[in-house]
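Same chain, two partners: subunit A is paired with subunit B first, then with subunit C.
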Partner chain A sequence: MIEEEFDAIVVGAGMSGNAAAYTMARQGLTVLQLERGEYPGSKNVQGAIMYADMLEQIIPDFRNDAPLERHLVEQRFWLMDDTSHTGMQYRSDDFNEAKPNRYTIIRAQFDKWFSRKVREAGATVLCETTVTDLVRNAKGKVIGVRTDRAGGPIYADVVVLAEGVNGLLGTRAGLRKMLKPQSVALAVKEMHFLPDEVIEQRFGLQGDEGCVIEAAGTISRSMAGLAFLYTNKESISLGIGCLVSDFAKTMESPYVLLDAFKNHPSIRPLIAGSEVKEYSAHLIPEGGYKAIPQLFGDGWVAVGDAAQLNNAIHREGSNLAMTSGRIAGEAIIEIKGRNQPMIRRNLALYKTMLDKSFVVKDLRKYKDMPALIHTNSRNFFMTYPQLMSQAAQNFMRVDGTPKIEKEKATTAAFIKARSRWGLISDVVRLALAWR
Partner chain B sequence: MHIVVCIKQVPDSAQIRVHPVTNTIMRQGVPTIINPYDLFALEEALRLRGAHGGEVTVLTMGPPMAEDALRKALTYGADRAVLLTDRCFAGSDTLATSFALSRAIVRIGETFGAPDIVFAGKQTIDGDTAQVGPGIAKRLGLLQFTYVAKIASIDLDAREITVKRRSEGGMQMLKSRLPCLITMLEGTNEIRRGSLDDALRAARSQIVKWSAAEAGIEDLTKCGLRGSPTVVKRVFAPTTRAEKATQIDMTDKTQHGVADELIAAIFTRQPALEHELAFDGGQ
Partner chain C sequence: MTIAVTKLRVEEKLYQNRYLVDPGRPHIKVQPHERPSANLLALTHICPAKCYELNDKGQVETTSDGCMECGTCRVLCEASGEIVWNYPRGGFGVLFKFG
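Moving on, here comes the complex of A and B:
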């Protein structure tokens, strides 16, 4: 029997859990954080790009000691077919600023650092401890948790569910539904070791500068998916993810897609001679605004991936996680300050604050995007990339064909593939969903 | 009774990498673990505490980050953790390490009560020498049992202990006086999962940190690089070689038939071997 009662128990030590635990512990709340992994970060998988602004709002001077890999100065977007890529590229020396905006990180190291900050702020962090159940009182309010260790339960005024995308605990407790295959992507990733000077040479980088490639096209074999390549200090992270429902439909294997991506003529030279350091897989919430579950209840709130807060269009997840964790922590501090109970009515403050933040505003902006992209995946991920590629090659290749005929051929190819109305409707629907 | 368990934080050998260019071990970012052999020693100590009462103190020497290993040992249920950490210990080989640890154990005895048993793992997975345990025993004048498979009995009143020890060609039952030093064999027990109370206590415990001076070590010439006569001449990655496996069809063959064919296959590849074995009188 654990006599002690905590102000808050945080389930999970990823971005959202750490943000929540840190925010509350710093304000003097007694916080217990429970993590099932061997150490914080051991089970956490991300690309990973970390957005400075959202972390600054939690730990302003994080740059002093956080394990950051490279700050990003260049972003490439690629539309790929089987032999080529058509790209858009943005590089700016403006990103070489005193306080850069985006960094690549390695989560195993970053999360360890973040967790150290959480402990320094005064929270108690237990690893290798899986929360198995929520404990409720006679009125149904969540009052604590049970774990897979002998002893307990442990009680707290409020439980913050930061347990990640699968949300096993919340689902088991009936607080949310099982994930739908069409609103979650499965991504696989590898880390390839390369000496830093090789990375700098291949991507034209200096010092801690970093480069990001994000690619879509025939590599996802007509499924709704995205591939990426991020430069770390001494390694390259690359991976590919597609909707689980698409994997189920096509019976494709994620590792086959990753192998094909690695062997694509545009990617292969970038990772040549590298040694695979680790591989991992992760589910990514893709449902957007319409998939957000209930975020609070009597004695509990849900944050981060556990609350499906992920912006698939802008490929942002960890910043929504950090921000939702911070806001949940602030809401709990506020309620505690008023000496009010952690019941549903009061915890609604979390939702109110979150609605006002960029987290919900961004997701609402793109609320129709998932449905559009996911139901027309063949057009967006197979047909258009191929057409783009053909058009580009047609434009580049000099073979004596009169230019007017080349242009006509390109236009004809687009119309043949999608028809005039199809093209117009895709443009209009994309524009509307983006608006 | 008071039991001291010596543990070591080692790189997780499953995740270690050799630098493709320089051939050196890349320790940066490699996760660390408690030397797996030490866990058998720790579990045995916790079991003895359960049966006979008393306290278990874990001790390690290492950089400040070795605190993680000690905290983990506390999570398993150890009562107290001591970290011997000082820049002057850097570069210690087994001689210098066993010297420093033996001094620390004396200081632990003075501070928390004299130990009845000092435990160590069979060996570490990074050095593989199996020298530090015996080195400590020698310096403290303790009787030592290496490769212990089982502690058969302890009589605290008579100050006697009986252990089962693996030796060349069999098992020995040995009886001796306490105090003594024991290095535990692997596979002899399974490390427990600490309770929620243990985990909470471990997360909040202050780990005792001693510098060389605080551990009562005055002769610094016996510490660290200066006290380490071992010289590493070269580190290299073994070259990989690929040899084609030969398949021998085993269907419809008796045991003797299989053995005959196997020996014939070996002798075909190694004609010299056949010659040598025949002259040695091997059948």
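Moving on, here comes the complex of A and C:
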């Protein structure tokens, strides 16, 4: 089918694959990008918040034509129990700036735009093509791919594995291990459509301003999990995700959790009257620094979710994906410029460059968080949210009880639920893991 | 009662989605078994598209038409060999309109 040999083949047209393909094609490398979906984005799911800085480093003037929904001026963190939420929120007019920092996006639209940029940069993008296999030479170096299209293998100096969290190629080829149930979350999401003025009214927004809510608590039924609600221009993205290991243990159904979240008294009025147009599900890598697999080898590099580069604490994924894709592209350009072969020793440059970036630095900072949250999910996602709600209600409800007794009751409730030692140990362990 | 209700609930959700089903080529297969493992049994509850169901004999069966290709079942049951999971052929399977 394709006789030509390419400088690079990129498997997947998500954030990391598009960033890698664009970076390399722009510098004149011959790039073939293969995508199994009907169009770029058709297999991709994200919340989705897009961080401008990381895209600016790839396409500085993206704001001219990228399909952006709303720029974020407000973020709410909610700790929920069954009838309430205790919240912290931050809203600032400073976020109404000439070049806003964060935007909500709709991935299918955004990915089509990004892919158009990749093609304009000179890459060949082939959709509806599933890569079935890596081709190796006698020395074991990856030298190309096989696809489910007619024709023989397609060859390239290097293959960029941007195949996503559920990537089959890398695991089947033994380049990395299968994801562990405790280092990956299953998230389900719905798209709720409402007129833009209704969204603006309900969230106190003007024009393209946006608001996001992130919520944890009894909604995840003691599992380690997080729910979210993001405002788009004329829709609301809403979902919930929990660790796969916790789902397997509790046998909770994700759609039941999603419906319960939608019916929570704090959420229901925000989406009332909406029309649901899509239901999606996706895995999210949650293992952090300790789960990062081998990132390079003879003739290949892994980027984005395929490399489990996701910051679960800050809920950042696509920016790590874009950055790792860009850096992989830059490393390949550099190696090619030196006329060196795309072997393991040289491709180590990608890892060296990535280690110096925020991607690995951020993940290293939180290296102990996944284990802490995984092993203490009941405390963090059930006990504490309930205690916080009781404490807040106790503080606010005026019923003639002397304040000193109210305070004593709140303290006693915390000690009864976790014990003095348990409370101290939770705080210390959290502080250590956060450090 | 609850089983029928949840099944209806998921079907209503999946009805919103766009799929291109590859007839006669399911991309997930459950290997023949006498009794399902705990993980395989869990899939009947936790698969977000409810692709897995118990038959009369207590064995787990799959219909992957509504699959959203998340990979949860792969994470839990591929290594043990209980299921075989491949991507649908290029262009087939779920096609997210928004994603």
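Worth pointing out:
Definition applied: the second predicted complex is superposed on the first by the 433 of 435 C-alpha atoms of A that agree within 3 Å, B and C clash if a C-alpha of one lies under 4 Å from a C-alpha of the other, contacts with A are read in each partner's own complex, and residues count from 1 in each chain.
The rule we apply is simple: a residue touches a chain if its C-beta (ideal position, glycine included) is under 8 Å from a C-beta of that chain, and two chains touch if they have at least 3 such contacts.
Predicted model only: the values in this text are computed from it and were never measured.
Of the two partner chains, subunit B is the only one touched by A:Val125; subunit C is not. When the two complexes are overlaid on their common chain A, residue A:Pro195 makes contact with subunit B while staying clear of subunit C. For subunit A, the partner with contacts to more residues, out of subunit B and subunit C, is C.
When the two complexes are overlaid on their common chain A, residue A:Thr147 makes contact with subunit B and with subunit C alike. Residue contacts after overlaying the shared chain place A:Lys277 against subunit B and subunit C alike. Look at A:Ser253: by the touch rule set out above, it reaches subunit C but stays clear of subunit B. Shared-chain residue A:Ser266: touches no atom of subunit B or subunit C. Once chain A of one complex is fitted onto chain A of the other, the partner contacts of A:Gln294 are absent, as it touches neither subunit B nor subunit C. Shared contact residues of subunit A with subunit B and subunit C: 39, 42, 106, 108-109, 128-129, 147, 149, 277-278. Residues 6, 9-10, 13-14, 16-17, 20, 38-39, 42, 45-46, 48-50, 68-72, 74-76, 78-79, 85-91, 93-99 of subunit C are the ones touching subunit A in the complex.
Interface residues of subunit A, counted against subunit C in their complex, comprise 36-39, 41-46, 48, 106-109, 111, 127-130, 147-149, 165-166, 168, 178-181, 184, 186, 188, 190-191, 235, 237, 244, 247-248, 251-256, 259, 276-283.
Subunit B meets subunit A in the complex at residues 15, 17, 20-21, 29, 31, 68, 75, 193-197, 199-200, 203-204.
Residues 2, 4, 39, 42, 106, 108-109, 124-126, 128-129, 147, 149-152, 154, 193, 195, 273, 275, 277-278 of subunit A are the ones touching subunit B in the complex.
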